[in-house]
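Look at the two complexes coming up: subunit A is in both, with subunit B in one and subunit C in the other.
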Partner chain A sequence: MVDESTRKTLSSIPLLQTKAGPRDKDLWVQRLKEEYQALIKYVQNNKSSDNDWFRLESNKEGTKWFGKCWYIHNLLKYEFEIEFDIPVTYPTTAPELALPELDGKTAKMYRGGKICLTDHFKPLWARNVPKFGIAHAMALGLGPWLAVEIPDLIEKGVIAHKEKSAE
Partner chain B sequence: MTTVDWEEVKRLAADFQKAQLSSTLQKLSERNCVEIITKLLEAKLLDVIFTNDGKEYVTPHHLGKEIKDELFVHGGRISLVELAKILNVDLSQISKVAADIERHDKGVRLVLGQLIDKNYIIKIAGEINDKLNQLGYVNISELTLQYDLPADFLQSTIEKELGKTVFGRQDMQDPRIFYTEGYVARNKAKVRGALSAITKPTPLSAILGQCAVPERIFFSILDYLQEVKQIPGVVTGKQGGNGIYVPSIYSKSQNEWVDNFYKQNGYLEYDALSRLGISDPQSFVKRHFVNESLILLDSVAVGATVIDQVEANVEEAVVSSSFADIYPLLPSVFTPEDAETLLRIAAKKTKANIHIFASTVAVSDAYLQKLGKSFEAIAEKKAKEVVESGKWLQSIAENKIKSRINDVLENKVDKREERRKKATVGKAGGGSQGRETKTKSTKKKNQRGKNQEPDSDEEYAAQNSTKKELILISIENIEQQISKDENLTDVEGLVTELATYLQPKLNKHALSAAEQLSQNNKVTNLNEMEERLNMLAINIRVFDKGIKQLDKNSQIVMTKYLLKTLGTDLANNVFKLAAQQNVIQCPENLTTEVRQKMLLELPTDVKDPLMTLHKTVTSGSVEDVLAVADGAFAACCLVMRKYDKKKERSTVVGHREALLEQLNSTEDPAFALHLATSVLFTAATQSALHMSGRHVASVLSFLQSFLESGTITTLSKYHDLVLKLLSSPDDATKTEAVKELDDKLQEIKNIANDFKKHLKSDKPHE
Partner chain C sequence: MSEIEKLRQRIKDLEQQLLESQCKSAAREKIAQMSSEVVDSNPYSRLMALKRMGIVNNYEKIRELSVAIVGVGGVGSVTAEMLTRCGIGKLILFDYDKVELANMNRLFFQPHQAGQSKVEAAAKTLQSINPDVEIETHNYNITTVDNFYNFIDTISTSSLLGGPVDLVLSCVDNFEARMTINTACNELNLKWFESGVSENAVSGHIQFIIPGESACFACAPPLVVAANIDEKTLKRDGVCAASLPTTMGIVAGFLVQNTLKYLLGFGTTSYYLGYNAMQDFFPTMILRPNPNCDDSYCRQRQAEYAAKPKVEQTLSVADADEGAIHEDNEWGISLIDETESINEGNATSEISTGIKLAYTVPQVVNTESQEQVTKSDGPSLEELMAQMKQI
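Moving on to the complex of A and B:
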């Protein structure tokens, strides 16, 4: 079940056309361009709506992605590292987003910090191959997960504000 | 190709990084913003103006700028309301700022809630100029409608621009109108042309309609043209459409006509003047002929010539003591009323004594008197007729009776009032018997009510008839008489007027004549009456003396007879006279009862002596009657003459002569015997005797001692025969007696005629 704001976010991200994985050479380039355009658009959207919540970059080939993401709770910013690889079968298979910092701190996580996505993410993705890309995965997957898990984790005291902790 | 793609990917990656690194817009929620700004405003750190929806703020300075921008965009003119709508700012803020702008910026003005800048003013000045050139004139009020700007603003704008951008001329009379010079010149030419062409008085409105010059400019042009004397004529009447333009050529010819007409005829008819178009002829005449003494009549003005003519005629009529009808002398336009006024004036001037009849005829006083005199004879004749016919007395008597009736009525009324007063007094004093008096008074009221109507009728009749005067000479009579003169009948109505003028005078004259006549009559009547009454009194005395010669028995009878006949006669005459003097109606034959009645009507001073007379006549001696008659005579203003012995003899002789005359003419034997006896008695006793046939026998027996025996026997025989004739029922004896009487009649007459012979000669001196 995707909430209203997510759906809105999603609809503002341009859909992709090229169905190609990293192994498809030229087509992948094409796909990668589209991925970037979608991401740029998404980030711009986020910024304009004062909802910027991640930094992301990739390696040269665009197969490995890493960066930071954050969540603001009670006027405090909680920041986490994020990384993921583009699977070979991409885009049929969705990328597995991972927050290594939180590995072992929550039940909704696989080993290696890979977040455990909601039940309907996968069928939604599957239905939208090859229209969905990285931007969609971020918006549909990580965003909602953070919104649900972080407050819970903070509550439990599993994670603490870094500046605070630094003090 | 691939490399290009990769390059592109690289660039995109860079873009992506750049996008991610670009600063995030620090977005505040609306609520926060509002709160922040409120805080700032409270702290007076910020001066902003809210927009209408409250979502935007603007600083006053910026608003000023925006307003100026909008003003420019809208071509230099924009209403504040519109600004408020466009800028979405409250109108009060806008107007505040706008006022501020107007104060600081000299090129911008705030007019009627609109901002107007210099450019706009220049623009409309240009437009107005265009319009002015196009139409020839502009009207501020029209511009007001067109531009929806106040007239004052436009006025000042145009005046300011006059000669700079607006090339025209302001109307002198109406500063709200502007013309171009060309337009003015064109219209001026038009008006000048029109006015020059007109030859008869024309209403300005008609001229206006004809030459199609706008009214507002027309009058200023007219004034100008009049000032520079470029129009041949004058404008009469007040300024405005109802004035009339009179061309001088017209007034000139008009004046010429009037002068000529007057010179020729000596008068001026108002009708003719008004036909010429002179609205007020009287004042025109006054103005036009200042030096001439014209007389203004109702329909004409008259000059000296006509007046002189009339005066001459009037004078002539006076001198010749006749009359003159001036109507034929005057022009036919003169009305009779004018003629009358003229006559009056002439009469006043000549101081002649004239009378004006039938409006146009002057009749000299002398003529009137002459005419009156000719009627006086007729009047006198009529008066005589009236007096003689008794109508005069009758009318006077009637009038008197009526006035008496009035007096009586008044008396009645007075009495009634008295009664009423009594009644009211009774009521007031009645006390316990109030009710009784009350009923009484109501009864009286009823009675009065019944009486009232006939009373008032009488009164009415009386009043009516008292006003009536005896008309001796009617107007018709006079008219008929006057109509005989043909000169007079020629003038219509003159006869009637003369007649009505003369009638009252003549009637008065006739009445006075009648009165005089009747006065004379009365005097003579009175004299006659006095004579007659005195005669009667003397006769009574004489006869009384005669009676005293007889024996006692016959004396009483004779006296009674004497009183019954002559006494009553005397009394009746006195009563009649009294009735006449006191104006009481009396019948021809008076009886004792009638006298009684008359006594009641007579006034008290006359009443008493007459009453005694009345009584003594019926029962008394001759001496008494005569004594009383003296008083009665006095009451009727008569004088009872003293008894004169000398006269007695002549009376007796006269009586005897009269008796003889009667005797000689009669054929009746009884009467003859009666007369003869009387004559013989007179002769025998030297005194007269008044007797009836019944007394003949006793007188005869008395005479026996005086007469010759033969004569006595003859007379007795005759007497017996008469008795026989009168008493015998037998026709045969009657005819026989008549025959015998006739035979002896002459003998009896002879005896009487030669009474001396038959008397006994024992009185030789007779």
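Moving on to the complex of A and C:
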């Protein structure tokens, strides 16, 4: 299902161990630590392979996450805000990643800007509970989604490059 | 001066019109007692006639019952309207969405309601259809942690007598919300109906979940098959989901019919009823709980159920089983599975007639040796959070 480069990316993200959701008190703290470790490793990998593409942080409880992701198209950087909640049934159900500013701009999105992951991602997630975490959701869910959708949205003129990000 | 006079007059006229339209929409007074008197002005005469026909023994009982409906979309709104017209005691509605013009291919909502929250808009319409029904609305997403506790609290205390609701109806459109309802109902030991319409709009189902007795939603997760999905198929034209008012109306009808049968004790309540619109095929079956279910409360309810003496149940189950077997098959009719199932290992064992596992759950192996696992010792959560911020 996944191509060789994705497979490689995936294999370098640490797998998680603790099956615990936000209602599980101490076990959740443990899970959260694993989530952060996996995310940090993934971001570091991305940086070292010159493919840095997102930043994330969470509230103290680790139940609400927010950050930024970006996509380079024709040498221009397109940046989007990300946000999502950890569902009570996590990690049995995957987080529903949202890019609110794209809400209404593409059909492959549910209300509130939640990206449509039904076909390509959720089956994979379901078979990898509890080993997959947020980092995997980013790599296998949002990553491919951006790669398919953003060039298409740019081509259709639905999103335009913002000059302000002169970093 | 006269201009002002004119405007004043105009305001008066408009106020009068508004009042009139308000009077018109406030259709009738509340009715304290359901009457079976056959007169044009009695909204319950045709329902109470069910008693005279020998279908329902005690129709008035419906006035004491409370039902929670989660998801007030294509199926949920119609479900709510049907129960309202049947004179249900109380409805508790949950949804966090707004009415959109894109919803107008479905029933119930009207274009002028676009922009309103679904629960508010629904409550207003339902109240005008039948002021006897008590309607409570909750405008939030039940899958987030904070709302989940409120949800649990609401369904366990919101009946007319302050106890748990008599039934929960799931009319949601996503896996996360279904799992959330499943978690809540297993914990609270509440009976519920799951309902759904497929993304291509041409099939649907309802499923009656009695914790411990019939399969819960986690016992048999949707048979999603992960293998061999080409990245290219990702880029599909059009929307994520199609919908038809017909399929949704049919599924809502099935849902409410079985709700009434269960609540008022007539006929046989279906444990699972499917609808395939392409062939007009309606399979029914009972789904047994999975002894290895992931949900610990489900396993606990199963143990409780196993410990209960049951004479009646076995009888009725035997009946249902016999109904499905045809001794003589003169025309040699058989069902042929047209979908190519992707089997992995020994995934062919039948769970119930016509159902096969699409994949087997991977065996739990000792992962220590080969898999890269995050370490549990090392830096604290706060340090990790700080580290993540600094990258």
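What we mean here is this: the second predicted complex is superposed on the first by the 161 of 167 C-alpha atoms of A that agree within 3 Å, B and C clash if a C-alpha of one lies under 4 Å from a C-alpha of the other, contacts with A are read in each partner's own complex, and residues count from 1 in each chain.
As a working rule, a contact is a pair of C-beta atoms (placed from the backbone, for glycine too) under 8 Å apart; a residue touches a chain by one contact, two chains touch by 3 or more.
Everything quoted here is computed from the prediction, not taken from an experiment.
Three-chain overlay on subunit A, with subunit B and subunit C in a clash. Judged by the touch definition given at the top, the superposed model places A:A126 against subunit C, while subunit B stays out of reach.
Within the superposed three-chain model, A:K47 lies in touch with subunit B and with subunit C [touch as defined at top]. Among subunit B and subunit C, the chain that touches a larger number of residues in subunit A is C. In the superposed model, A:K33 lies in contact with both subunit B and subunit C. Residues 29-30, 32-33, 36-37, 39-40, 43-44, 47, 55-58, 62 of subunit A are contacted both by subunit B in one complex and by subunit C in the other.
Contact residues of subunit A toward subunit C in the complex are 1-3, 11, 14-18, 22-23, 29-30, 32-34, 36-40, 43-44, 47, 55-58, 61-63, 85-89, 92-94, 96, 107-111, 116, 118-120, 122-124, 126-127, 131, 144-145, 148, 152. Subunit A makes touch with subunit B in their complex at residues 25-26, 29-30, 32-33, 36-37, 39-40, 43-44, 47-50, 52, 54-58, 60, 62. Of all residues in subunit B, those touching subunit A in their complex are 1-2, 5-6, 8-10, 12-13, 15-17, 19-22, 24-27. Taken together, the subunit C residues at the contact with subunit A in this complex read 97, 141, 143-145, 148, 174-176, 179-180, 182-183, 199, 218, 221, 224-231, 233-236, 238-240, 294, 359, 362, 367, 371-376, 378-381, 384-385, 387-389, 391.
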